[in-house]
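Taking it in order: structure first as structure tokens, then the write-up.
Letters A, B, C and D name the chains as they come in the text, with residue numbers starting at 1 for each one.
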Amino acid sequence: MQSQQGNKFTIPIGPQHPALKEPEHFEFNVDGELVTGASVRLGYVHRGIEKGTENRSFVQSMYLLERVCGICSHVHATAFCLGVERLAEIEAPPRAQAIRVLVAELERIHSHMLWLGVGAHEAGFDTLFMYSWRDRETVLNLLEDITGNRINYSTNVLGGVKCDIDREQAAAIRQGLDFLEERTTHYLDVVTSDMMFLRRTRGVGVMTYDESQRLGAVGPTARASGVARDLRVDAAYAAYDKYPVNLVTETAGDLEARFVVRIKELFESFRVIRAVLDDLPEGDLTTRMPRRVKEGDTISRVEAPRGELFYYIKSNGTDTAERVKVRTPTLPNMASVLTLAVGHQLADMPMILVGIDPCFSCNDRMVSVKGTLDSQCWTWEQLRQYGIEYYR
Amino acid sequence: MKLTTMWKDALGSLIKPAATQRYPFVRREAPEHLRGQLHWDPSACTGCGLCSKDCPADALEVIVLDKKAKRFVMHYHVDRCTFCAQCVASCRQGCLDMESDEWELAALDPRTFDIYYGNEADIASILDGSTEEEAEPAAAG
Amino acid sequence: MSAETALQTASELLEQWAKEATTPEPFRLDVVIEPDDLLAAVKALRDASWGYLSTITGVDLGVEAGEFELLYHFSNGAALATLRVRTPRDNPSVPSVCGIIPTATLYEREIIEMFGISVEGTPNTDRLFLPDDWPDGVYPLRKDYIYDDPTAQA
Amino acid sequence: MNTLRAVIALLFFPGGLFILFAGMAYEWVDRKLIARFQNRIGPRWFQPLADSIKLLAKEEVIPTDVNAILFVVLPVIALAGALASALYVPIIGLEPSYSFSGDLIVTLYLLSLLTLCTGLAGANTLDRFSLVGATRALTQMFSYEAPVLLALLGPAIVAESWKISVISEYAKSHWLIITQPIGFLVAVIGLMGKLEMPPFDAPEAETEIVAGALTEYSGRGLALFHLGKSVELMVGLTLVTAFYLGGVANPLLFFAKTLMLLVVVAGVQSLLTRLRIEQTVGLWWRYGALLALAQFLVMIAYEGVA
């Protein structure tokens, strides 16, 4: 984990680096082009979200938590809603649960296609990057049409969902899925048969089944090593028991397997979305949610596009949470990356980092801004004043 | 194993129009359910303040001038709004609505982000009352 | 292994150290143990390859209670086993589990920074989340931490 | 009169300003083609010019602890080398301005100057990305230089001259792409390696080492390096066309040929994934050099028989 001593030459990647569009600092000790050690420093975008939930009501916290991550925002809100609903001993109506699944799967498509592009870009294959992002627009447009926002959809409310799916929207989704399915088949072909691309992915960053188990990897990263770990299957939440998901695993454990697992998961998502549209239960969208939530604690886990998302919510009987703990899937996977890095080429580092589909802002949740003379810690008022001054 | 798998896409693109959208020269129509600027219909408002209470971004202030006479003014900070529509969901009277056609909200002047909804006379009285408060930071900057 | 049998196994594994075992929710097992027994309990789960360490949650029970609670969440499919460890506020300290589960270091560093609980024997105590010039002795997730003015606290 | 002619040749046509603008035009075509291959719009026609003007007008930051003179001079030398090489090649199919026996060798070395300067510029700064980039740039240069030289030797041998004008005259009547296909391939790919285009862009792989050797350059220095690269693109394409695709001819036809070559180059750029540096070196020495050498031997044997 920590950097090995006696290092020769340290290559910093981040907090500002073209490979990572998010601020995070990695240090790789290299010997020539070979990496001999790796360490990480998080926290550059720490926003104090966990602390922030302590003086916000449950309703407000949900939107704060939704902004933990820009890509997988819906799963955060879903995890929090499911947890709070369980504490309050209510359950969202079946139609709401189905719509949650629908949006979650659309979000998974959006996230995986984004990742496919980023992965290709890191490998220097910009054409695949451009095409996969072009096709990702389809799903973003669908989400915009359903929820009203392209990202941070705010589909959930405590006790249900806000947006409904009407006939026209359903038709639009089906049409979009048909297009995406055709393209995804093509991309699967690209990542498994393009010779030049395979030179960068096959056999690179191998994580064996045992290592994956030992390091506690989650999500597609673990599934690419053959670990059958998917909360949608293991502990079906929302409406996943009604619309079951088939587990997708690969055994190679290298970067190619991670590409293949994610792309094959897209087909599962298409299938699940179609199943939801075919059999969307009728009924209300919300149930009444009490403002105060009974005392107690709960653990809510959902399968984010990147893996297991873990919420621990403790309520003290008021309308404010006592403690909300968020563990995003990137954190356990980060450990695996740092272990994997040693012994690889420097040129493979961005690929291996991106291979876990890291989301750094997910890791950093606690308000600090860099750049004042005496302190990095700013109050909200100072921050606001700074913003006003800056744009004046 | 092929040398390259994407040549069909690449060659096909030469004769296809580009996928790039030429915004702002060509505008795409906004989808029906898009969440744009918030609108407030004062006729049904009871001044309960649930919208501002639930707003995660403190973007809404309901100013009650006279509860019985139903004189309310809504102060809406567009710059703080996150367009989550929780206020629309919270309002039991259905006074709030997010318009899908007003979504190009960028502006150079920060004052355009302070929007008051309500009776014009009421707004004027509020603005008169708060001029002193607001004049101070402006003078400082 | 179904979730029920997994929980059954877990409760048998942890029985000898458990001061109290509850099932607050379906598929959940909460076991209260002493800090001294933590390593043995974690090792027992590890040796039986019972799931993996999902995360470590720190909870400040408040100034009046005078204690912190650490929750070690182990996941195994749908089953969740939580080891609850309490440590006093005036001298908070728990042993490190990094010797058994190396990847716990990131969680432990978070606990150290956010709560100021000393984790004995953790391999790396560098700042992970907080800014470099964050004042020492200020722990943001403690309940007595005042949100507005972090630099004024000591 | 001779001096006037020299001044015009150096500053306006075909050297100097003309080649700068022509280089930028080629760069635009290259960028536009890649964009179209990727289903994008791509830049407008003046974009390379606008980029250059903007960069030239910007402040140049000289980092501390570098040799400031070297830092400033290296980009100038790089561009000068590229511009000078333009004087010896048949730009847009016209006769080269200067010509002497052995100018092919001089041109090839002038073209290598850019990579050399890039490498030195990277090694001059203390930045780690620059250092890794410089190492990679020089490593790559050593791997492609020999095969490319072998590939360009082929036409020289059959034309029995080291003079570019003689070779291109010979190539008019002999389409060497047919008789020496391997040489053509190696020359084109070598050109891409020289210009650090994908898939040989490991020395400036932005996702790994930011901008490689030029990471610390901003403003004027960066602009000069970029211009040098555009000029080299044009000179390189001209050279390959003149040698392998039917020599100097009608300028319009010649221009069309270079453009066709550019389409191929842009296609290769957009379709292939970046190679790691050791893969690049392996590719060149394992295949490029051996193939070029094999063709070379066959040619010598053939000449011997004939």
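By definition in this document, a residue touches a chain if its C-beta (ideal position, glycine included) is under 8 Å from a C-beta of that chain, and two chains touch if they have at least 3 such contacts.
Note that the structure is predicted; figures quoted are calculated from it, not measured.
J.: Can you list every chain in contact with both chain B and chain C?
T.: Both-contact set = A.
J.: Quick check: more C-beta contact pairs in A-C or B-D?
T.: Of the two interfaces, A-C and B-D, more C-beta pairs touch across A-C.
J.: State, to the nearest whole Å, the distance from the C-alpha centre of chain A to the C-alpha centre of chain C.
T.: Chain centres of chain A and chain C, defined by C-alpha means, are spaced 24 Å apart.
J.: Based only on mean CA positions, could you tell me how far chain B sits from chain D in angstrom?
T.: 53
J.: With chain centres defined as C-alpha means, what is the inter-centre distance between chain A and chain D in Å?
T.: Centre separation, chain A to chain D: 43 Å.
J.: What's the distance between the Cα centroids of chain A and chain B, rounded to whole Å?
T.: Roughly 27 Å, centre to centre.
J.: Among the residues of chain C, which ones contact at least 2 other chains?
T.: Within chain C, no residue touches at least two other chains.
J.: Which residue numbers or ranges of chain A touch two or more of the other chains?
T.: Residue numbers touching two or more other chains: 127, 131, 134, 194, 196.
J.: Could you list the positions in chain B whose residues touch two or more of the other chains?
T.: Residues 4, 6, 9-10, 19 of chain B each touch two or more of the other chains.
J.: Hey, which residues of chain D end up touching chain A in the complex?
T.: 37-40, 128-129, 132, 198-199, 201-202, 205-210, 270-279
J.: Which stretch or stretches of chain A touch chain D in the complex?
T.: Its residues touching chain D are 9-12, 17-19, 33, 120-127, 130-131, 134, 194, 196-197, 199-200, 345-350.
J.: For the complex, give me every residue of chain A touching chain B.
T.: 56-57, 59-64, 66-67, 127-128, 131, 134, 137, 141, 144-149, 152, 154, 157, 162-163, 186, 189-190, 193-196, 198, 286, 385, 388-389, 391-392
J.: Using the touch rule from the top, collect the residues of chain C that touch chain A in their complex.
T.: 3, 24-25, 27-28, 49, 52-55, 57-60, 71, 73, 75, 77-78, 80, 82, 101-103, 105-107, 114, 123-124, 126-134, 140-141, 143, 145, 147-151
J.: Going by the contact rule set out above, which residues of chain D touch chain B in the complex?
T.: So the residues of chain D touching chain B come out as 35-42, 267, 270-272.
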